[in-house]
Each structure stands twice: as C-alpha cells, then as structure tokens.
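Common to both upcoming complexes is chain A, partnered first by chain B, then by chain C.
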Partner chain A sequence: MKKKISSFQMFLLMFQMILSSSVLLMPSITTMLSGKDMWMTPIFSMLVGYLTVWVAFKLYKLAPHGSFVKLLESSFGKVIGKGMNILFIIFQVHIIAIATRDYGEFIVTNFYLKTPVYIIIISMLILCAWVVSGGIEVLARTGQVFIPIITICTLFIFIFLIPELDPSTIFPMFEKGAAPVFKGSVVVAGWFCQIFLVIYILPYVKQENTIQKWGYICVTGIGLLMLIANITVFMLMSESASFYNYPVFTAARYIAYAEFFEHVEAIVMMVWVLGEFFKISFYYFTIYLSLSETLELQKPVVIILPIGLLLLLSTFWLAKDFQMIGDFISKSGTLYILTGFFIFPLVIYALTVIKQRLKA
Partner chain B sequence: MKRRMIRAMLCGLLCWSVPLLTSCWDRVEVNDIAIIVGAGIDQMDGKQVKLSAEIYIPVESTGEGQESGMKAGNGNGKTFVSSAAGSSMAEAMYKLQERLSRKLYWGHNDIFVIGQARAEHGIEDDLDFILRYVRMRERANIYISEGSAVDVLGIIPRLEPNSMEALSELSKTEISITVDLKEIIERIVETPDETYAIPYINRGKLLTDVSHVRNPNVPYFRGMSLFKKGKMNGNLNSDLTWGYFWITNQIKGNTIISLKMPEEQTLAVLLTHSKTTLIPSITPDGKWKMKIKVRGEGNLLQNTSSLDFMNPAQHKAMIKKTNEEVEMSIRQALKVLQKKYKTDVLDFGDRFRKLAPKQWQKEKKNWSTMFSEIETELDVEINIQRPGILNQNIKKMNRVNN
Partner chain C sequence: MSWHTLITIWVLIGGYGIVNPSWKKHDKKEKKVLFSLLFIAFVLSLGLGLNPNLPGLTEWVNALYRPLHGWLSP
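Coming up: the complex of A and B.
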C-alpha cells in the first residue's frame, strides 16, 4: 500500500468530515436538550473525541499492515471477522445515508423549493463517486484547496454577527443542574466519535509519528469551532434557537450591514454543499475500501458505482420525510452512532489486547 | 484506447452538466417576480384575515390608468398595494397570488404592519406563518397600526420613496425603536406570559386636521402596544413610552427632556448619553425588589427659568428638577405596566431569573401577579454639563447690564 497523504491533509479531511453537518444542525438540538448551557456541550464531548483518536491509533498499530479489516479477521477468525466487517460497512452506509438525505432536505427546504430531492442527491453522489475513483490522494488535495475556504467563510458569518450578540443571555449557568449539559454533550459526542473512521486512511499517511498529534489538534479544532458556533447562535437568538431547524442558516440570514450588505445566506449554502461533499466522499471512500478488502477483490474500481446506487437507495429507504430524519438525529441516532464508532472500537481493542496477553 | 474512453466520458459528463447547472425547477427571472417591500395584516369580518402587500413597480409608470383593477395607492409612487382575504395567512397569500401576473417574492420584505383589530384578536397564527415560510426574513420589523394596516401601506410619503422606507427611517429616529421578528420569537420563548411590546403607529391623516398639516401622508409613531399571550392588551401613549424607554435602556442620544415648569418658564435639556441598569434583589423576608439606576449626561437646550446655570446652587436645583422629571415618567410607566396591564415588557423576569434561578422556576407560573407586586426603587442622576452658547438666560441679560 502506498503512502500518499500527509498528516496535515488527514487533519483537514477529518476536521471537515465532522464539522460539515454538525455546525448547521447541532445548535438546535443542543439548545433543546441543554437550554442555556448548550454552549459548553462541545467541551465535554471533546473528551470522547480524544479517546476515539487514541483508540483508532492503537488499533492501527495492532493491525496487520495497518488494515482494520484484516485486524478483525485475524483476531476473530475469518468468518466472524468478515461478518463483523460487513456489519460495520452496513452501519456506515446507514449513517452516511442519513447525512446525505439531510443534506438534500436542507437544500430543498431553503433554496431549491421545486427541485426534486433525488436530483440534488444524485448529482452529489456522482461527484463523490468520481472523487473516490480518483483515490484518497485526490480527495486529500481537493480538501487542501477547499477546506480552508469553507472554514474562513464559516468564521466570517460568526464575525459579522458579533454586533448583534448579547453576552448576558448565557446566564444563569447550570440553571437546572449539570444533567441537561450531559444530555447535550452525549449528542455532540455522536459527532465526535465519527472521527474513528480515520483508521481507514491511516495506512496512507506518510509521517506516522505525527498522526496522533494532528489527531488531537483536529479534535481541539472541531471543538473550538463548535463552541464558536454554539455561543454565537445562542447569544443571537437565546432559547428560541431550538425552534429553528437550521439556526446557523437563520443567523446568517440575520446579517445586515448599512442596508446593503445583506442576504449572505448563500455563503451557508456553499459551506454546506462543500462540507457535505467531503463528508459523503470520505464515507464513500471508507465503505469502498473496507468492502473491497473484505471481499478481497482483484479490481475494486468496479464496485464504486454499485456502492453509489446503494447509498442513493438507502437515503430513501431510511427516512420517508423530515420528521423521521430529525427524530433519528436528535434521539435514537445518538446512542446508535456512539455504539458503532465509540463502544465497538473500544471493545475490539480490549478483546485484541486480552487475546494477545493470553497468547504471550 | 483507454485514454480515448476516458476523454469521451469526460465530454459526455461535461455535456450532461449543462442541463443540470441551469437548475431548471427553481429558475426565477427578475421580470417574473413581484417584489414585496411591505406587508399588512388586517382582521376581517368573521375570522377572515386580509393580507395586503406593497409591491414594487419595476418600471416607472407613465399613467395611472395602468394600475386600474388594483387597489392602487397614489399614482406617482413607485409601489402599489394589492390585498386579498382568506381564512388564514397562507390562504390569503394564495388568493393574493391569483390576482397578480407575477410571482410574489418575499425576500425583500422588511416591514409587517398589523392592524389593531387583528392584534387584539391575536397574532400567533400570523407569526407562525411568517416564521415558517422560508422566504421570509427574521430581520423584518413589525408595527401595529391604529386603524387598518392597509391604510398605512397605502401612504405615499413626501420625503421617502414609499411607506416601507418611511417606516424604517422613522424607526431610526430617537422617538421610536424597531422590533423585529427574531426579538419577538425570543420573547415568546423566554417570558412566562409571552409578553412583548411592538411600536404603535398611525397615519398622519387620523392625527390632525388635514388642512393645517402640510404633510399628513406619513406614518407617525404613537407609542408602544403591549402583547400578552399573543394578544394585544393595551397601549402606552407617547408619554408613557418615554418611561418605558428609560427603564429598558432604549433612550437614544439627542433626546430632549422638556421640563414642566411653573408659569411661563421653560427649561429643556438635550440628552447626549444615558444608561439604565436594572438591579434586582430579594429581601430576606421574601420581597422582590427592583432598583432602576439611570445615569446620563445632557446639555442645556433652552432656559428661561429663574434658575441660573452658572450659579452652583441653582445648577444643582436644575439637575434635581431634571431628575424628578425623568423619575416621574418612569413612575407613570411602571404604574401602568404593573397595575393596569400586569404585563412585563421590561425584562424584569429575566433579571430575577439570573439572580435567583431556583426561586424563578417556582414563581414564573404566576409571574403576572408577582410582577405587579414588585417594589421599585429609582436612582436617577442626569448631569447637565454645558450651557450651550449663551451663559445667561435672555430675560435676565438686561438686568445684568444695568
């Protein structure tokens, strides 16, 4: 396997992969769960992020040739290992199908009212399929070009809102004790744990010794941006934030300077489309990679388009309407995703270590 | 061979992207839309609601005949008003669309005017539609009008191109404020009884005799209308609105305080800067108290009173009189808000929530009664710093020389 990307590129990809959907959706859900203390939820969830990066790196070191797929097969036997791999792939398909559908719903709700949602999803998936067929290097370089632009645009939205903010809204702190903050943090942790997918691209990273460092920087960076987003949204619209489906979008619509610098919400759309492009491409890539390794394909490129078709169909199988997506993301989805991306790796790690101890 | 295949594929992809990039379904041409610059909502007989839209006319109309068939405003304005009624806002909008050849476009709408009858009936239905419909903007300002809203929209003012401009410019002056949709939804969520205040306006014609006023066709600011549980329950007139502004720290610079003086004396102060702080406290025996602390600075604008600015003792008396005047207007506003309407538009609830979160959770259920019983304490200090150009008052100059 060739070493192709730098650890900085890895950092950028993971950074955007997690932020893309979270910034837009998270403030609403956390306000609903944590009330006035919603802004501090990312701080606690970052711990889950750090732990996930650590586990991912440890598993990578244990794995033969650094492949997570091979690790499962070698630790649990071929049949069980392959079964677990297939299950994990289906899990990823499920998660990304929800994210893709949510992307489509956002665009249709706010911008393309009359365009059918499948057109938006199909065009995105075709683009992603193209990138995935180009390989991880293409994806990483695309990220190097676009991710800084996305981040700067996002920050600009928050900077423009500064004059409208009222810092006193965040008081009183811990109004209903610490329990609501914990509830909100669990939901945010559901985003952080997705960083586990980094394990699939670790074999491609050139400088192995800096992986952990950049991994932790990545979690910190994500946490900071989430914190900025949360604080800005809450100081702008306080508890009413939970009643908007996309509070950051509403906040961007609120920007107005000198009666002509208005209507900048198109920036949010650009950020969202580009961000989701990286998220979907990344998942697409990991699904493609793990599936081709599990099935031990000679010519893996042939499965790219079938995977795309599977993703497309899953987006419509999984949810009938916005109600189902919203309910899944804010309720059952959190525990589901934490089980897959946080508890599952921890268990695998524990079992592998115990098995090695017993052998020795 | 392979390279050729890829090239062919790329070419195909390029061609295929052409129909996709036009975004055919949502294509909107500028000459297909009717840009709404202001909207009015009125109560009709029997649960019907009337939606009026002030629509921008893209080409300057040459004759008034072009507007026949519409409920037109003044022909020389660049906007016209069209309206339709329905059982809900959504239905009214649909009916309004039927009457127009172009598609209604809400993206530039900055003003909602709600007629008093509608406001008293309840505006929650309308707010739900306005906030839910994706083309609306949270920054749009809301006004309540005396009489019907469609009359205010129909105004073609002299100084501004249309009534929407007139209203938004009016709100920037020191006698008025703006309240936008975002603030209203915030207050609905945060206050226990959904209490908020919205600027109250009327059109000049109702205010004065047309023959005496040069410019009757402008909206006038008349105070604030108070809302509780989605319904308008009262009004603050201009004088009481001063008190409301003082308490909520919304007094702007350039405000003039004109003192009530005995006989024919006058004394007026031009405020340059002011700040109001609300300090809540709960006494040991469980009484809720609010201290209203006002600090300000101003310059003398007019003085024909017996008080001399340059005399230290009289300067103090002058300041005392100013403070009393401000205290008076605050007291009056407090009395009306606390005792008559029992409507907390002053943010007192939020202050107590920050002071004592636990007690607030218990008391917020019957906040209206609690609010009416809060003891208030005033602490006003407005300093008069400069006398202006003259240092003596006109009536006294003569005596000084002799």
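Coming up: the complex of A and C.
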C-alpha cells in the first residue's frame, strides 16, 4: 500500500476523531455517574487508550501487508474471516449512525429549529463522501488545516470561563468511594477505545517507527483535553451539569466580556460541526476501506455513494430520535463499544499469537 | 423518514446515475457489489417507509446487554 500520510497527520486525525463528541457529551454522563469526582475519570480511562494503541500496533505488525481485514482472513479462514469483517463493518455503521444522528439532532435542536434533520445529515454525508473519494491524504491534509483551529477554539472557550469557576466544587474527593469514579471511567473508556480504528490507516503512514509514539501522545493529549473540559464544566455548574445534554454548549453561554464578546456558543457549534465532520469522515473511510478489502474490489470508488446512502438510512433506522440515543448511550452503548473496539481486538490478538506459537 | 423524502432521495440517486454513468466502466464484480448495496438500501428504505419505527440493531443490542444495565447506573 502506498505510504501517503505522516505520523503527525495520523495523530491529528485520531485526536479529533475521539474528541469531537466526547468534549460535548462526556461531562453530562460522567457527572451523572461519578458526581464530584467526574473530573478524574479521563485520567483512569487513558489506560484503556494506551492499551488500545498497543493492541492496534501489535495487530498491524502481525497482519499481512498491515491489513486488519487480511489478518482476520489469514487467522480464521477465508469464510469466517470475511464474516467477522462484515460484522465489524456493521458494528462501525451502527456506531457512526448514532453519532451522526446525535450531530443532526444537536444542530436542529439548538440552531436550525425549522430545518428537517435529514437535510443536516445529508449535507454532512455528501461532504464526507467527497472527502473519502479523495482518499486518506485529503482527509489528513484537511485535518492539518482545521484541527489546530478547533483545538485552539476549544481551549479559548475554557480559558474565558476561568473567572466564572469555583474550585471548591470538586471537594471533597472520593466522597462516595471509588465505585462512582470507576463507572465514569468505564464510560470515558468507551471513547478512548475507538482509537482502535487507527489500524485501518496504519498501512498508509510513512514513518512506521514513530507510529506507536504518536499514538501514545494522541491518547495523552485527548486525556488532557477531556480533563480540562470536565474540570471546567464541573467547577462552573457543579452537579447540575448532569441535567444538561451538552454542558459545554451551555457553559459557553456564560462567556460575556465588555458587552462585546458574547454568544460564544456559535464557536461551540463550529467546533462541533468540524469535529463531527472528521469523525464521520474517518468512520466512512474505514467502512469503505474494510468493505473494499473484504470484497476484494480493484476500483472500489464506485461503492462510496451506496455506503453513504446506507449510512443515511441507518441514522433513521438505528437512531430514531434523541431519546433513543440517550437511552442507548446511558445503558448499553458503552459496553457495546468496549466489546467491539477493546475486547474484540484483544481476543483477536491473543488468538493470533497463540495460533502462531502453535504453528512454530 | 416520510415517503416523499425517500422517493426524492431515490430519484436523485437515479438521476445522478444517469448524468454520471462512470459506474458502467467498472468490472462486473464491482457493478454486482454496487447494485447489491443499492438493493439493501432500497429494502431498508421500503421498510422505513412502511414502518418508521422498524426495530433494528439498537433494540437488539439493548436486549442483549439488559442483564448488565445495572453496572453503569448511578
């Protein structure tokens, strides 16, 4: 496979892919589960992130030509391998359908109240299809331009909120013991484990010897930004953060300087739209790549639009409304994502290593 | 999704396929995959048109993980 992107570009893509939804959604869910200790949940979840990067890199090294699709076929036979690939693709479609619907509902509920949600979703999917048809290099270069802007804007929102924060809200720590922190950390780990998708773009990365290093830096960076988001939201809103679907969006409304610098929630919208664009594009690319490799297509570009159509229909089939999304995320979603992006790769790695040692 | 939305989407897809016939230049295998995916999408859109609350993976996953729902409750 032709090496097209640098390790740094890989880092940027994974950084934004995880952060796009987590910064907006995570504070509410972690406050509900962990209360005052919600701010420390990203610290413990980072361990899952590091382990996921390690497993992804190990599987990449074991895979024929670095392809995870071919690894499943070579380890479990062509039929079972292809079946596992198809199931994993369906899993990815499910996850991104929920994320896409969540994005659409956020935009419609907070900004474009009279616009049908399918217009928002279709416009995003058409843009993502265009980027995917350009290849990973286009996505990576787009990321290089926009992701630093998104990150700086996000940090500015938190910096401008500093005068409104009350540090005493986070005390006392571990008031209800470690169990609530553990529950919150498991939910945040559900975001970190999605970094496993990096395995699909590792064959395109030029500097193979720095992949792992940038992967660990990515996890550290994500954890740091999540920590800042959680601490800021909790010091601003305390336990009432659990009542808001998007606490960071609500927090941005608190920013007002000299009756001039106001309505910063528009920046939150920009951050959310750009961030979700990268997340949806990345998932779209991995679905397209794994489907084309599973079906062994020579010129797979023809399936990009049908995949987009299936994604569009899936957002209405698998995520009917916002209540369903919230219900799914709070109950089964975290465990489902951890099963697919954390437990499944670990099991594949263990079985592949055992098989290779038995062969030897 | 309403019927007129679904019909509009399919008319646009058909129109795009006519205006941009680059798909005709692909191999038989790629055309088979293309039309298979379109067929799956067509069946799904029929299902959603007839029953907007068509049960799917989300309900099945919720049912599968129901015994573990208490693990992550506050």
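Methods note: the second predicted complex is superposed on the first by the 360 of 360 C-alpha atoms of A that agree within 3 Å, B and C clash if a C-alpha of one lies under 4 Å from a C-alpha of the other, contacts with A are read in each partner's own complex, and residues count from 1 in each chain.
Going forward, a contact is a pair of C-beta atoms (placed from the backbone, for glycine too) under 8 Å apart; a residue touches a chain by one contact, two chains touch by 3 or more.
Computed from a prediction, not measured in an experiment: that's the story for all the values here.
Asker: Does chain B (first) or chain C (second) touch A:S123, or do both, or does neither?
Answerer: A:S123 contacts chain B only, not chain C.
Asker: Which holds for A:S240: it touches chain B only (first), chain C only (second), both, or neither?
Answerer: After superposing on A, A:S240 lies in contact with chain B but is clear of chain C.
Asker: Determine, under the contact definition given at the top, whether A:T115 touches first (chain B), second (chain C), both, or neither.
Answerer: A:T115 sits against chain B, while chain C stays out of touch.
Asker: In the superposed arrangement, which partner chain does A:S332 touch: chain B (first), chain C (second), both, or neither?
Answerer: second
Asker: For A:R253, is the partner it touches chain B (first), chain C (second), both, or none of the two (neither)?
Answerer: first
Asker: For chain A, which side has the bigger count of touched residues, chain B or chain C?
Answerer: The larger set of chain A residues in touch belongs to C.
Asker: After the superposition on A, what does A:V187 contact: first (chain B), second (chain C), both or neither?
Answerer: second
Asker: Name the contact category of A:S168: first (chain B only), second (chain C only), both, or neither.
Answerer: The answer is first: A:S168 touches chain B but not chain C.
Asker: Under the stated touch criterion, which partner chain does A:K299 make contact with: chain B (first), chain C (second), both, or neither?
Answerer: In the superposed model, A:K299 contacts chain C only, not chain B.
Asker: Same chain A residues contacting chain B and chain C, which ones?
Answerer: Common interface on chain A, chain B vs chain C: 116.
Asker: Within the complex, which stretch of chain C touches chain A?
Answerer: Where chain C meets chain A, its residues are 1, 5, 9, 13, 16, 22-23, 26-27, 29-31, 33-34, 37-38, 40-41, 44-45, 47-48, 52-54, 56-58, 61-62, 64-66, 68-69, 71-72, 74.
Asker: In the complex formed with chain C, which residues of chain A make contact?
Answerer: 32-33, 90, 94, 98, 116, 118, 122, 180, 183, 186-187, 295, 297-300, 302-303, 305-307, 309-310, 312-314, 316-320, 324, 327-328, 330-332, 334-336
Asker: Spell out the part of chain B that touches chain A in their complex, as residue ranges.
Answerer: Going through chain B, the ones touching chain A are 20, 23, 25-26, 107, 134, 137-139, 182, 185-186, 188-190, 353-354, 357.
Asker: Would you pull the chain A residues touching chain B in the complex into a rising list?
Answerer: Chain A reaches chain B through residues 109-116, 119, 123, 168, 171-172, 175, 236-240, 243, 250, 253-254, 256, 262-263.
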